[in-house]
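See the structures that follow.
Both complexes shown next keep chain A, but they swap its partner, so chain B is in the first and chain C is in the second.
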Partner chain A sequence: MKAKLALLLAAVLGCSLVLSGCWNSRELNELAIVSGIGLDALDGKPGYRVTFQIINPSSSAQTTGSASNQPPIIIVSATDRTIFGALRKASRRATRQLFFAHTQLVLIGESLAQKGITSLFDIFERSHELRLNSAVLVSKGTDAASVLKLLTTLESMPSMGLLKKMQNTSKVWGENRIITVFEVVNGITGESDFTINGVEIVGDAAEGEKKSSLEQSEPMVGSLMSGLGVFKEGRLIGWLNGPESRGTQWVLDKLNETNVNIVSPDMEEDIAVNIFYSKTRVKVDLQDGKPVFHVHISEEGIINETGGFVDLGKEDELQALEKGIADKTAAEVRQAVKAAQDMKTDIFNFGNELKRIHPQDWETVKEDWSGAFAEGELDLKVDAYIRSTGMRLKPYIPAKK
Partner chain B sequence: MRKEVIGPFQLFAMIVLFELGTAVVVPIGLESGHAVWISILMALPGGILLYLVYAYLYRQFPDLVISGYTRKILGKWIGWPLSLLYLPVLTYNGSRNLREAGDLLISSSYDRTPIFIINCIMVIAVMYILYQGIEVFSRTAEIYFWVIVLMGLIANFVVIIAGLVQFKNLFPIHPGEWVEALKSAYPNIWIFPYGELVCFTAILPHFNSKHKIGRTGVGAMALSAFLLSFTHAVEMSVLGEDIYSRTTFPMFTTITLVNVANFLQRLDALVILTLIIGVFFKMSIYCYAAVSIAADLFHVKEPRRLVIPVGSVVLYSSFVSAENFPLHMNDGKVFLENILPILCAVIPVLLFIVHRIRRRFGWYK
Partner chain C sequence: MPNETTESRPGEISNSKEQGPPIYLKLEDNIKQICDRLGNSPDLIVRAYESPFQNIRVKTLYINGLIDKELVEEYITHALSFDSLRQGIEPAAEEAFAYAKEKAQNIGKEKIVEDQNSLLEGLLSGDTMILFDGLEKGISVSTSGGEGRSVTEATTQVNIRGPKDSFTESLGTNLSLVRKRIKNPNLWVETLTIGAVTKTDVSIVHIHGLAKEETLQQIRKKLADIHVDSILESGYIEQLIEENNYSPFPTLYNTERPDSVAGNLLEGRIAIFVDGTPFVLILPATFFMFFHTVEDYYQRYDISSIIRILRFICLLVSLFGPAIFVAALNFHQEMIPTPLLINFASQREGVPFPVVIEVLLLEVTFEIIREAGIRMPSQIGQTVSIIGGLVLGQAAVQAGIVSPAMVIVVSLTGISSFATPAFNMALSIRILRFIITFVAAYIGLYGIAIIGLMLVAHLCSLRSLGVPYMSPVAPFASGDQKDIFLRTPLHFMKTRRRLISKDSKVPGTTAQLSRDGRHES
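Moving on to the complex of A and B:
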């Protein structure tokens, strides 16, 4: 009996030894949580300078108790031929092992983007810690490290701040969208080319690293989401800004909400329409060997502001305004397509679409798709609807005599 | 000792768990590109026919496992060595499942834990349940059937509400692709996972309602085919053909992309649990089949005594059979194309034909 009990005890102890699963254990206080990764090219050498933005747990807590004067993040960087090499080399600078499962952001320096980014993302696919849904950004006119070093207001985590900025602007303004590593990998492997969000620094970047830069109501520096970087064969070849980048979003059906200023009977662009729904259908086919892009956009909006008198109660006035929205949208889309055709870069997934629906036709043009794309014709149709005029019908502004 | 029996729903649950086992997590039928989900459905009729052959043989010899009636049908001198072939194949296939589960665990979260430890823990669980007997095992299956169905529903549901599904990755299917889909359905998907049901020839003798054998099995196969096809369609539509074909565990990659309202994310544990449960049942059934065939061939009165040797062989071959995961996958392809079809389809069909002929002409003594 006693022997049996002892055996049972031994078995239970043995089980608790192996079943608790702490062979792999890594405790929280031995980890340095990386919130953002910056990748830069080295001058004239192959390899990368990899910058890690590490969360400083003692000063990033939201509680008032932590009155630490350290900044909420710590920057560590390392250079190596491979990203993983740099990641491990960074251990010479970091006191804790870097932990990547919470990486929100991957920033690519402009010079590296121009050299080519095709080989950057393998580690994101292969590793189980790095995630495919971290957002990707290209720093415009500067290196990735300086953007990562900037401290931000409102959000204490700069990576989180950038991510939220991106989310916010893509939700209400629509020139940018969140582009994840997953989408970039799909862009690289697909037949078409792709775009990645740009971010630029406004102000003196060196000041932004100091906490003192936040101690005034208008921060001395900040980052600004700016346009879409156009990548052809994995290399950054140009930027689309303003209407061009919004037109691109429209074609890609990635527009959530935006504002369009249209012409009123009185003045140029003084009616603000909030587009809150937009749906784009794209068909691509070949006609006489030339690709034709059929783009059909349907959008709905609310009139949010008028600068002059418009009789919003009248059906024909509203129809005129709807036409104004459609024209404005069409103009931006045409601008975007023209810009892309000038760069001979198919950023609208037209190539993928053609291959998917008409594989035989694709075979005939795939040798020189960028050439064929540049020659392609745009068949654009925009339907705009005004669904509401807000809390008033006619404005208080008197009609002009 | 009383004969152990299992009921219709328990058999149903076991077949579903066995079919889903690893097939739901690893990529299958790669040759068919984005039409893999159609291939899975296309292979179902063939799988059902094969199952009906097993069921017919069971009805003819309700008390015998496959090695038993092989000897009856083909005679002792051909039947015995032929059934002996099943032993290495069943143990090897069991060890392949173990290897896949171990590798997913290692590449997804336990990167520093030796594969030996992980596999060992799983084999110990399998040996334990087999030692308890088939009845305990089937009751466990009954419970885990609901667990798996529930987890599968949750996983698919969150992937869909996260807005990750893109139908353009699934459609359109061009005429040439139908042919490709058919080619990967037969024989590959037909054998793995449907043909692997040959293991159940060792379990059926315990089945308690003989007349329900056809209905239960076909129902279970149809349900699992539907679940498999749906899951793979979701995976394909989320990942696209390129990533799906390159990833080692598409379901895992799919679930890591989920992010619902910045709140529901990192659901990897669901996939890992699904795989562990699936592999546990699949491996146990393989081991059980190997144990009962060995017991039958070597006239071992107490099959339980073979559980530990079989488990150890499975454990050992799980990590010595291939140096690394890519080689393991390559071995699997050779194994699937050349060896499995003989045991899963050729021998049973041969038995079926010979039995019909012998009965027709009254050649049984």
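Moving on to the complex of A and C:
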């Protein structure tokens, strides 16, 4: 009796294992790994054109059984009222099921960004496959699809290449930083406005889709990280470029490392200082009903190059240079804040800061924060220090007589 | 040799426990009877001794090959010369018998046999029999010896540092190898005979005062309960006394190293020696014992600790390696870093099978190579591994049957399984690996988690002679942790494991035990 029962139990368990097992099992060669998603607006119609950059494994990996001449990526696109609808519609073109867990990039076309991106990211939060840590970019002056179509050298996967470009420039130059879906969603829901990195195409976009464009030492076409798109209430209203965007990162305390060319009294931007540490403290309060932004930046740098003679062995020379760094930094920060104030867009998180520290004060300016922000005052203090002069003190360049 | 003769008529021998028919008065009748019962086996040697007296006729019997020839020779020439009896005139047979008996004491272990069965039994275990015409009794002298393998280097548990000797097939030699290491009167040996047909000597060895009395009783009882015809290897005993016959895990430890036995005895464990095999059983055994080696104690503690940790990592790899690979590739592609995933994907482009089939194909191939390699003569074994490993692996990848990453996973798993020092544990892991891989192919990491939990639950439920198999981790004993995952310096090891040893005190203070060895494992 007992043995019979045990046998029955084993049979039932065995059957349930066999019948239910494998339901979500997918072999790797049944998947189309999506590395980038492009979202574009349709002309005059509601809905999206969604472009998928799919990795072609046999030609993008280093080790291959059979070298193929196919490009490392394949572009598939579909249009629908919803993103999910578009991605399911794309199955009519794709031979394999699209797999999103490895999406590196989400590119938003400029026209869509101008229309508004508020509702775009719901699927990213809802889906278990799409990730919140994919980087978000806005294509500047072109549509998202054409950026995704660009082939790149060095990195065989273009999305990976763009991501690395972003990482690299944020690490050593600091105008851009990686902004993820998660941060954008936070920006949309928070009290302040937000920025998204811009990317633009240099050269003939149509040429960049061909593999032949890679067959020369200087690629004819390329993508370039370029500025920050400023979003107000979910709409792209303008761009911050160059010093403005680096100033923004400075205020946001997102600067890792950068280079500053110093203007010193007797030299015009001839000394290159590598800023390797920067810390920003921000406080916001209301004074006479006007917001005041207290920004305190302390930074440290190394002198990496001088274009003329400067006696770095002298303490007062160094102090003068430190002041030069501080002035240069302050100028960029002021430029950034001014640009944002002109656009009446608080991209520096000042609103959230005020709300956090002085909630009562925030209540008074909440109604018209953009206006209040635009009239706010910047109380900026920059402390700069030179920690090293590199591997020598005085340059070999002779002093001016 | 003795087996052949006895096995031909097991019925007659097996009831020898009862008193057999008495020895005949006439010498010739006895000889004839013995020859008959041994099937006229040519290895029975009957030597007539020329006595100086007319009325005393003596014959010695032994089985060729089982005895120490020198001993027999010495005995016959000296004991049976009846030198001192010469003065008298025509001594009675009784007198000569008593004389021979006295002389036999020189050799030792002499006894008087009075029935046919014990006579035969004695012969078969290497005794020399002296039968007198006209007496219903004989003298048995222990002269067992004969050819045996000499003590050689261990072949299954090789080490770099440490003693190189290993057990042989001879029980006496094996016991002496342990005695040489523990020169202490408290090393006690009990011997009993098991196997109705084979009459194999089995010895229980323990250190009096360290081993738990209950455990000893339990072993005695279990051994006494064994009723089988033959014990040809300690594996018979192992399977007959272990409590969990249906568990994949071994609950008895076996070793062919005398130093390992000595170390375990000093921890309060009990060893079972079986005549005819170099493998000695040690019990109670715990799970972690199978991942320790004696060499851990010979190398310095830091090195040993790191190597132990490595072994446990290898255990995890050999159990879960292919399973995690299959689960990740089939169910959790998001877990793999993007560039790696693309690499895997490109490798899999041309492969026609699902990942599981790929794993099984390679695993089975690997097992075939391994099994074939073990049974091969060592020179050919090399060739098999080269053909199997290099040629087959490389060719399978180039033929597009398996992907290169899979070869790496499977070979890493295979090598990891060799890192388990105990071969029987490695075998269990080998089997379990297949089951876990199957489950992973069904329900991914979830399945691996479930089967992992089941394994842990099962391991915790096991007992080896009353000692929890997972002790001292489950049940947790904080004082006993110093020699489980790590091997702490020897001067830290001042207590024995409570669950195993009777006396867990600091070794230096243990009453009769003046010499310390290592004390914990």
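Some notes on this structure:
Here, the second predicted complex is superposed on the first by the 377 of 401 C-alpha atoms of A that agree within 3 Å, B and C clash if a C-alpha of one lies under 4 Å from a C-alpha of the other, contacts with A are read in each partner's own complex, and residues count from 1 in each chain.
In the analysis below, a residue touches a chain if its C-beta (ideal position, glycine included) is under 8 Å from a C-beta of that chain, and two chains touch if they have at least 3 such contacts.
Computed from a predicted structure; not experimentally measured.
By the document's definition of touching, of the two partners only chain B reaches A:182; chain C does not.
By the touch criterion defined above, A:388 reaches neither chain B nor chain C.
By the touch criterion defined above, A:212 lies against neither chain B nor chain C after alignment on the C-alpha atoms of chain A.
Shared-chain residue A:319: touches no atom of chain B or chain C. By the touch criterion defined above, A:99 reaches chain C but does not reach chain B.
Note on chain A: of its two partners chain C and chain B, the one contacting more of its residues is C. When the shared chain is aligned, chain B comes close enough to touch A:359, but chain C does not. By the touch criterion defined above, A:157 reaches chain C but does not reach chain B. In the overlay built on the shared chain, the residue A:24 is in contact with chain B and with chain C. Shared contact residues on chain A (touching chain B in one structure, chain C in the other): 21, 24, 101, 131.
Put simply, chain A touches chain C in their complex at residues 17, 21-22, 24-29, 31, 33, 35, 55, 57-66, 99, 101-102, 104, 129, 131, 157, 160.
Residue ranges of chain A in contact with chain B, taken from their complex: 18-19, 21, 23-24, 101, 125, 128, 131-133, 182, 185-186, 189-190, 356-357, 359.
Chain B contributes residues 107-114, 117, 120-121, 168, 172, 174, 240, 242-243, 246-247, 253, 256-257, 259, 266 to its touches with chain A in the complex.
On the chain C side of its complex with chain A, the touching residues are 329-331, 333-334, 338-339, 341-351, 354-355, 400, 404, 441-444.
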